[in-house]
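Sending over a structure as structure tokens; questions will come in a sec.
Note that the chains take the letters A, B, C, D and E in the order they are written out, and that residue 1 is the start of every chain.
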Amino acid sequence: MYEPKIIGFLCNWCSYRGADTAGMARMKYPPNVKIIRVPCSGRISPELVLRTFREGADGVMVLGCHIGDCHYSTGNHRTAKRMPVLKKLLEYSGIESERLYINWVSAAEGEKFATVIKDFTEQISALPPFVETMK
Amino acid sequence: MSPTKRPKERIGVYVCHCGSNIAGVVDVAEVSAWAGKELEQDGVVVARDYKFMCSSLGQELIERDIKEKGLTRVVVAACSPHLHEPTFRAACARAGVNPYLFEMTNIREQDSWVTTDKIEATKKAKALIAAAVGRVAYQKPLESLYVPIDPNVLVVGGGVTGIQAALEIANSGQHVYLVEREPSIGGHMAQFDKTFPTLDCSACILTPKMFDAGNHKNITLLTWSEVEKVEGYIGNFTVTIRKRARYIDESLCTGCGVCWEKCPKKVVDPVFEAGLGYRKAVYVPFPQAVPKYPVIDRENCTYYLKGTCKACEKFCPTGAIKFDQQDEILTVKVGNIILATGYDLFDARKIPNYGYGRLPNVFTSLEFERMTNAAGPTLGKVVLRDGVTQPKSVAIIHCVGSRDKNYNNYCSGICCMQSLKFAHLVKEKTGGEVYQFYIDMRTPGKTYDEFYQRIIQEGANMIRGKVAEITDTARHPSEEGKLIVQVEDTLVGKQRRIPVDMVVLSAGLEARADAKEVAQKFGISCSADDWFIERHPKLDPVATMTDGVFVAGACQGPKDIPASVAQGAAAAARVLSIIGQGEIEIEAATAIVDEATCVGCKECIASCPYQAIQYLEDKGKAYVQEALCKGCGTCVGTCLPKSISLKHFTDEQIVAEMIGAMQTMKSFETVEAA
Amino acid sequence: MSDYIFYPGCSMESSAKAYYDSVMSVCQALDIQLNEIDDWNCCGATEYLSLERMPAYALIARNLALAEKQSNGSKTVVAPCSACYLNLAKADHYMHEDKAFGKNINEALAAGGLHYTPGKLAVRHLLDVVLNDIGLEAVKAKVVKPLTGLRVAPYIGCMLPRPDYGNRYSDTENPTELDDLLRALGADVIDFPLRTACCGGHMTQIGPGTAFELIRRLVSTAADQYKADVMVAVCPMCQMNLDAFQGQMNGYFKTDYHMPILFFTQLMGIAFGADAKELGFGSEFVSAREAMSRIGVQTPEPAADAPAKKKPAGLPMPPPLVHASQTTTHSKEAGQ
Amino acid sequence: MSDRLSSLRETIEKILPDVDGVIALRTGPGGIVAPYLFSKEHPGELAELALWPKEPVPDTLKIILRAHPDAKLAIVCRGCEERGIVEMFKHAQFSLENVTLIGLQCDQQEVESCQCFKPFTVHAKLTVGQPVEGVRDPLMAKVMAMSQPEKLAFWKEEFSHCIKCYGCRNICPQCFCNICALEDEKWVETGRLPMPNPSMYHMVRAMHMTAKCVGCHECEETCPADIPMAVQFRLIARDVKEMFNYEPGAVMDQKPPQLLVLEEGEYENTGLPH
Amino acid sequence: MPQMIDERAKAGLTPEEDLSLLHEVSMKTAGDSHVEMCIQCGTCGGSCPAGMDMDHTPRAIFAMLRAGMREAVLKSNTPWMCVSCYYCTVRCPQEIHITDVMYTLKNMAVQSGMVQDSTASDFSRTFINFVENYGRSFEIGLAGLHNLIHPRLALRLPNMAPMAIGMLTKKGMSPLPPKRIKGMKGLKKILKRAKELEAA
């Protein structure tokens, strides 16, 4: 059993705060995900995700505000359009598309955040290490 | 391994113990020693751990290192940057390092508090610090933008909280727009008869404040109005307000009351009378209404429904009735906004086992408030739904829709005291038997518990148990014709059935039904229960995450009158302190276009949520208007040649941060494999 | 023609034969095709759960596994018995909610060469299917002999609206779905306050005193307070408790109630013009003959109505609450 | 073929007096076919008008319009080239105010050669030849039918032949950036051969082609290693059409979907959680 | 040392290891029971149609679970009086799966042999014996057998016989056991494996 290495890109206003909320409630979840704070999930370009895989990440998460609740009004709409396409590209390239995970977590949803992290870590653990696959 | 040639910087790393909050789980000494050694090649020249980094001593430690060791970059690993980023940015600035050359990483909320395994938590802290160190070398000094503050203030909601806030600001000499959706200000407090625990008359203490707000030279009162749109940012909001047509010419109306006397159409008043009484189709909600002008309820007015009537018009002595009046759209400029939009009562019909809406003699707390009010539908008499019979026994049920995951999980805070007040009023007005059904008695305010003791002394029956059901199905002749309250008396451990004539449900407080929409309009956020979220639950209770927007009173969470008034005044003080500063700093992290590489494809322009990017026709390039840019970076995510970048969140910075974390994780793997 | 997977349950073959016959008759009339699960087994009622958890759920899940295997396009399992319905729904729900538990149950099923994917099937009660898939309009269209004049107490019981995993009912305590259906048949439906009170469950077997009191409450309220002619049940166990034990209850309390307890499908059948005997009439303990004879002759007997409520000039009542679930569709296919 | 050639020549002859020039293919010295600007000054050159092999003419249009923004031009374009011109127009690469499109409909043989899905023009007012049905690249179905490891192995093998000549990017009429992310070490492992797996070069390029690739197959034509890279672009294009109802080059004023807010019903198509 | 335990017992304290009782009940209940969330409000006890006949209300049972009073809980008739009406479950403000917890307590009582009045558990046992051997239940045989085992029940119910006869005559029910299902062998294997898993 290996320890999957996961990078989570979280928007500053909802998801990062959701992670803080989970912390304040002392909810426990696996330590695999390392969080990178960005202003908005719309900031995440496909190139950044691909670069993260290139560094050997086993999974990448992009979490933003719920559609309709974006701090930047509609920044996350672009995320909702870009990331599914990137997932398709992963699929067509023979890379498990579930290695890229997109979801919406609000500042109040500490419990959801913890669940999302638990589930995704579990899901990635079930896959072989990314670098192994690519050998 | 770095994305481009790594800049040579002198970095200091500071690991906070946060007492035992972090140090109890993360081996902070080990982490700082590791950072000093393993991250030396990345530019770390000093790494320390300290009990409380945010304390003045902790800050001084950083400032001293900056000066003595010539640090050019600072990383603090502590709590959430949402808490202390401003603290450390300020410390850096004091010591001469640009605040944007500081980076904070969160090893408390996102590590020590959520990780069980101490070794894993320590490893995670290292990875997060390596990420921050990776990033910080690429950070660039930024200059903050300053904008002047418009001294005008918008207060939304004319309940006791909004009135208090508006008066405080107006008295200081600043101008306030007070917007209220109902025809009169006064809010819920105007509906009550007595207030706990002093039992003084609600109207007697509220009316003078309402009058002051209505006649203040610095207050523009906009009732029967709603905010439609909010644009701009702190210091410079542009607010669009819809002033709904009253169908009354305010310049002619004297508030004499002939129109509502003569109006033949009587309708149930679901708002002020809580559905327990009637009003006319042209009405003021209550006699002391401010302003004094009535409104015509278009949906129920016979003239609008059938085309004839106009009784009000015929009798109006000043010709103030204007059936063709239109809504007005006003645009006002303000620098700060206070939201005091209050609460809704929990809809007790949602609990089928309590029978409200089905069993006539089950009443809600607000109905009971109106019933006990001398100006209410029963002129203050406590009677059954038939309007005449006085109940001989009354059950008062606490926690209706509160402390219940099926409805609202939180404690509504005010119901215990309100219920005790009801018990007193029942005793006073009917002399009948009173039963209080409670789960836990919560009376933490000043002289509140004394009030509780007084009510016990007055002879109220206290039964500890959450009522299971209220039924009119008798099992025994003694129960016939009564409402039976079925409950487990938890102190006895037995099921009891208590027949009464009347039941009062102390319904909980809920966020306004449209709280989410309002929050979105003002750019703030709601908790899972739809209450507005304050900036910090303890240390910043009336500010929000959106600069220039404040919340006060029950829109932020259940509150009684004293707490609401205190918050109204607190929000006013916060606003006045900002106005006093004259200008304010705004976010410096905006997008910028590299004209040399921009190909002018306009994709960024289409993707900007704020229309902040212009197309320069002469150059064929994009251009970011800084004052409009909010710094989301959506354009950066779009741009194919990466000609546009977001200050403080550049690709170099994010990639370096990611690599820092990945490299550290990989190094642990190698060590473990070996 | 709508296709469903059918789980009849043990009672339908024995004590509730009348239910089985009337279900078949009604479904034929409404073009509902019920494909019985081949070789289904008992759901274990509440008894197996009382003794051993894992085997009890494995027993239930065997039926779901068979249904999943045999399902031919349809993803809906229909059960006419509330207890069977709840057990099947519960097994599906917990296997879905608690992944480890679901895995264990599947490990047990694997010993018999079976597997069930939690969430794959929608478990529904026949009443739900009739109301939400077929619809009241289609039911009304089939009525040739309206039940005008028959005062009916609608009795839903416990296990249909509670815990209601799928949110199919308007209310867990006061659902009006059965009322709507009976009203569509032309019956005079009373606003029965105990429509979801307990019938006594297995207490008739193990603690009769408790059970008799619960039966008495139901029967006496329907008979004395609301003057109902018949009571309508949607579950074989409810029907049996109230019907077969009514006599003993009378003996226990020294009362003399004669409240016929019928299945909702029996009344549907009558309204659709089917022959009473084919609908299983005559097999009840408390004879329904007298009550039914009232609508057998075309002139409806003047009901002993409660005096018309005269509205005194009292205080207004709050309007009824509109349930969110009533504005949306109730029918939910599995896998959504 | 000769029919189409002569009717194209007639069409150009007719329009030539009204414009400054017409961009079309010409068989030059040595038999090399290349884009050429025919002008009324040299009408005789039209004898050298050519149809095939196709060359990326949208780029020629851009070069001329950049130098002479006010020039009045006509251009002979096939379906794919027309879509390419529309995309470049959308991205403000030139104005089409003074440009006349002459649509050249491909014949069956050409369609087979390109495996083109839409071998006809839709915007051009003047057209030559009869439109024929497009075909679906059979490789698309083949890739789709592969399992995940098979796909991975397939592309690993294909991309192992890549010599990073950047030919595919250079020939692409939609790659008009001044600088290119594919030359940035941040995104692509520059200067490494054979390519690491997965190939960042080809993945980033495929992402950039989202909502841009018009299916002209110039990249595959030009690739010295015969890598069928356009299959990925076409597969993604199909998804983008399904999710956001967008097809590059099909509608003149429709913006690429990933720039815009979600429209009613689009979110449901993305497969993202609720 | 033993003396000390006696002192503790006298003081009404239970041995510390029994503080795991609550957790044990939680673990043995299907799904997420939330049993540790009880706020002692009494909604369950007030709602219970059989509450009047219980030794302890369900609320009291939750308090006893917390206190680790294993024997008192498992000897109580409370779970056996539960009629599975689910009123408590849907009304519970903490969303505790009370009905399911009652099933768990019955399981534990039977397994530990602490059942005081075996009427109910024997009924369940008789019921499932049919199911385990035939795959189907058998109402009439069940009632008959159950009354044979518990003759005092039959004494309490002199009207039981006419009812059983009614079942045969009115409903045309068969007095013979049900037909065995075809997959009985498979079912037995499934149940055997399930029992092993339960024990694990």
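Throughout what follows, a residue touches a chain if its C-beta (ideal position, glycine included) is under 8 Å from a C-beta of that chain, and two chains touch if they have at least 3 such contacts.
Quantities reported herein were computed from a predicted structural model and do not represent experimental measurements.
Undergrad: Over the chains that touch one another, what is the least number of steps taking subunit A to subunit C?
TA: Minimal hop count between subunit A and subunit C: 2.
Undergrad: Report which interface contains more C-beta contacts, comparing A-B against B-C.
TA: Output for the comparison: A-B.
Undergrad: As a test of understanding: of all chains, whose mean C-alpha position lies farthest from that of subunit C?
TA: The most remote chain is D.
Undergrad: What is the chain whose Cα centre is as far as it gets from that of subunit B?
TA: D
Undergrad: Which whole number of Å gives the spacing of the CA centres of subunit D and subunit E?
TA: Chain centroid spacing, subunit D to subunit E, equals 73 Å.
Undergrad: Where the CA atoms of subunit A average out and where those of subunit D average out, how many Å apart are those spots?
TA: The computed centroid separation for subunit A versus subunit D comes out at 34 Å.
Undergrad: Rounded to the nearest whole Å, what is the centre-to-centre distance of subunit B and subunit D, using the mean of the C-alpha atoms as each centre?
TA: 53
Undergrad: Quick one: report the Å distance separating subunit C from subunit E, using the average Cα coordinate of each chain.
TA: Each chain reduced to its C-alpha mean, subunit C and subunit E end up 24 Å apart.
Undergrad: Among the residues of subunit C, which are close enough to touch at least two other chains?
TA: Residue numbers touching two or more other chains: 172-173.
Undergrad: Which residues of subunit D are in contact with two or more other chains?
TA: If we look for residues of subunit D contacting two or more partner chains, we find 181, 186, 258-261.
Undergrad: Pull out every residue in subunit E that's touching 2 or more other chains.
TA: Where subunit E meets two or more other chains at a single residue, that happens at 87, 90.
Undergrad: Touching pairs of chains, which are they?
TA: Here the touching chain pairs work out to A-B, A-D, B-C, B-D, B-E, C-E.
Undergrad: Touching subunit C in the complex: which residues of subunit B?
TA: Spelled out, the residues of subunit B in touch with subunit C are 268, 275-278, 347, 349-350, 352-353, 356-358, 360, 377-378, 383-388, 471-473, 475.
Undergrad: Using the touch definition from the top, list the residues of subunit C that touch subunit B in their complex.
TA: 171-174, 193-194, 217, 221, 225, 312-321
Undergrad: Please output the residues of subunit C touching subunit E within their complex, sorted ascending.
TA: Listed in rising order, the residues are 10-11, 13-15, 17-18, 39-42, 44-55, 57-59, 62, 90, 93-94, 97-98, 101, 104-105, 107-114, 158-159, 162-164, 172-173, 197-198, 200-203, 205-210, 214, 244-245, 247-248, 251, 282-285.
Undergrad: Given the complex with subunit B, which residues does subunit E contribute to the contact?
TA: 39-48, 51-52, 56-57, 59-60, 87, 90-95
Undergrad: In their complex, what parts of subunit D are in touch with subunit A?
TA: So the residues of subunit D touching subunit A come out as 143, 146, 148-156, 181, 186-187, 189, 196-198, 200, 203-204, 206-207, 210, 232, 235-236, 239-240, 243-244, 257-262, 266-267, 270-273.
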